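Encoded as structure tokens, here's the structure I'll be asking about.
For clarity, chains are labelled A, B, C and D in written order, and residue numbers in each chain start from 1.
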Amino acid sequence: MFVLVNLKAYPRDPVEVAEAAASVDSGAAEIAIAPQTAHIDAVAETGVQTWAQHLSPVEHGSHTGSTLAEAAADAGATGTLLNHSENRLKLADIDGSLDAADRVGFDTCVCANNPDQIRAAAALGPDAVAVEPPELIGSGTPVSKADPDIVRDAVEAAESVDPTVDVYCGAGISTGEDVVAARELGAEGVLLASGVAKADDPAAALADLVDPL
Amino acid sequence: MFVLVNLKAYPRDPVEVAEAAASVDSGAAEIAIAPQTAHIDAVAETGVQTWAQHLSPVEHGSHTGSTLAEAAADAGATGTLLNHSENRLKLADIDGSLDAADRVGFDTCVCANNPDQIRAAAALGPDAVAVEPPELIGSGTPVSKADPDIVRDAVEAAESVDPTVDVYCGAGISTGEDVVAARELGAEGVLLASGVAKADDPAAALADLVDPL
Amino acid sequence: MFVLVNLKAYPRDPVEVAEAAASVDSGAAEIAIAPQTAHIDAVAETGVQTWAQHLSPVEHGSHTGSTLAEAAADAGATGTLLNHSENRLKLADIDGSLDAADRVGFDTCVCANNPDQIRAAAALGPDAVAVEPPELIGSGTPVSKADPDIVRDAVEAAESVDPTVDVYCGAGISTGEDVVAARELGAEGVLLASGVAKADDPAAALADLVDPL
Amino acid sequence: MFVLVNLKAYPRDPVEVAEAAASVDSGAAEIAIAPQTAHIDAVAETGVQTWAQHLSPVEHGSHTGSTLAEAAADAGATGTLLNHSENRLKLADIDGSLDAADRVGFDTCVCANNPDQIRAAAALGPDAVAVEPPELIGSGTPVSKADPDIVRDAVEAAESVDPTVDVYCGAGISTGEDVVAARELGAEGVLLASGVAKADDPAAALADLVDPL
């Protein structure tokens, strides 16, 4: 089971969370941290798997203010989120950013809101898609409990287009029980943010998350 | 065969082109005109099938500067382009704009550049997708001649995701021969712009286009 | 005093509101209606002053899905809002859209949130700027009452950059008293939306608005 | 004289350029390097003054894929470009990003194309504005030679709104002569990119640039 902790723009020290993640005996879980781009370097140095929160659909060249895949890779990232609900992208740019990720061998996860968009995202050939109903983000109510059908529908939607694309489950995940529920619905990973990034003790929160796996 | 004339922001009088289209004995062809939003009313009054060039993904409400589906319908439109290469949309907004189009019963055509994006567009369930390689737009070289494989690939891509979605072929179409070639490659429609909008005699240009059908 | 009724994407029949506006003996007030682009034609035919809610920063050419100034003018508009809080624009595009408005002789009003942005907007040389604190939009609490200083500050900010630029006051205006208060704070116009567009009797709402002027 | 080397998304090793900059006896010049966000850490470690190419207008919180000012500061940046012609921003976002830069005490430079936009940018209160006529970017023809009036006009425009705002001069700068010409026209800094980033010997290119100062 893949567990991605998205640090967003939270005030939490990213190295503290990264070290917590590195310290967890993850057993059946693979934990990765997605910090701010400027923090990739410091997070990757802890040895934890490090993801970008976004990549620009550009190649080397005149692109001021972009997030170049090669630069994220230099800093130590090995994967990237794309099209998070807080950073919606143009269809053509998701395609371009997946090409950018391919250039540097990143794992990729394209987020989407509903089964139709999951199908579209899966059709672009990422490694994974993530279903994150916007009304559940940060709610503390896991999508696996609030709306299990949306996870099942997402798994089915991705499968109908490309069975090699994994489905991750985001929004409201905060306990090991939520992770198990997501797995039982067919998800091969979870995305979470505040459940770890805002925890008093991120190491304990992560240990709880992966404990039942 | 569906023939959509996109008037873009050309200086051409839209009513002149609309009347030309209405005058053509289209036989096996169905001709529609996509004018500026502010011209929909005048174009639709000629009796020609009228499309919007874009719809916003909004419902009724506080959305200043949007292009509301209901307003386009009031003015007489019955279809819409979405995600044209000159107006690329976020994946979530293509989905939302298709919902908006459904509310008013519009025909829909989502544009895309390459087979991967065609698959993604088709996965969202429009009536049609259009493949328009950007390097051929306005080139005078029809995609059916410059790169017939991209049309074949687009037809195959759409079919693999949803066989009910038609494929239109854009970019560089200017003669009846081009339309026939597009049809032979599996396209059920063509998009064109300058070939008619910049013609000395739009009625003659349209008559030539549909003549061999 | 200039009174602009922004119909946004409301379900209200735009012609009904336009006829109401045309029927009001506006005396000291000049009333204009800003409908959806597709409704400009129908609204302008009532004889009321008609504004666009937005113009694109483009010239004639290959710009699918744009709102061309010339098309809005053809349909009967004579002015435009720009950079409404529901349709924020890039700085360079506000400049470009003002150029587009100049080509067709439109009156222009650039919206902004705070005195710094008012100064920036005024520096681009529009006919007017509008201050609309986002927290008051649709609140029913007029900015002239909730935060009179922001109107005074906006007037001063615009004046410091270009004394020929008028200041309009938006957000929360719904009564004639609000309009008078705005005028006393130095505003030469008001923007309103739901106060008229959602009124049971738009003609009565408009008559009340301009009555004390 | 301030000399900002924008590394854009060039393939050049950013640390190599940073070390070159650190090695130049800059005398009357202050040299800064603006790398990719993911490279800020490594560039700042060389001791050279390090700028971001962009900051997002966000505070701490749920903003996936943003460029948080605090994260750029953590990594060692002390200044930021905003609204570069390759990364045009909404007016409201330039204002918000300047607020973000203020939170972390960054120097700020807002780019713009023409005197009207320079006035607008200066009205937002940055430390500097940069005039970069897009047609000269990467041309090798310095704006100070191709169009000296645009620099003079920019200096005058900024001064008319806020005399404390410096004016930098971008586009086509590649020699010490260009820098001197810019200074004589009233600029207090220059922005350059390919002139150093694509030079065979960046240290020599930088030494030449600052030599006549």
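By our rule, contacts are C-beta pairs under 8 Å (C-beta built on N, C-alpha and C of every residue); 3 or more make two chains touch, one makes a residue touch a chain.
Treat the numbers as computed from the prediction; the structure is a model and nothing was measured.
S.K.: Going by the average position of its CA atoms, which chain sits the greatest distance from chain D?
M.R.: Result for the farthest chain: B.
S.K.: Take the average of all CA coordinates in chain C, do the same for chain D, and state the distance between these two points in whole angstrom.
M.R.: The separation of the two C-alpha centroids amounts to 36 Å.
S.K.: State, to the nearest whole Å, the distance from the C-alpha centre of chain A to the C-alpha centre of chain C.
M.R.: About 43 Å, centre to centre.
S.K.: Express in whole angstrom the distance between the two chain centres, defined as the mean CA positions of chain B and chain C.
M.R.: 33
S.K.: Which positions in chain A touch two or more other chains at once?
M.R.: none
S.K.: Taking chains as nodes and touches as edges, what kind of graph is this: line, ring, star, complete or other?
M.R.: ring
S.K.: In the complex formed with chain C, which residues of chain B make contact?
M.R.: 6, 8-11, 34-42, 52-54, 56, 58-68, 70-72, 74-75, 77, 81, 84-87, 137-138, 193-194
S.K.: Could you please specify the touching residues of chain D with respect to chain C in the complex?
M.R.: 83, 88-95, 112-114, 116-117, 119-125, 161
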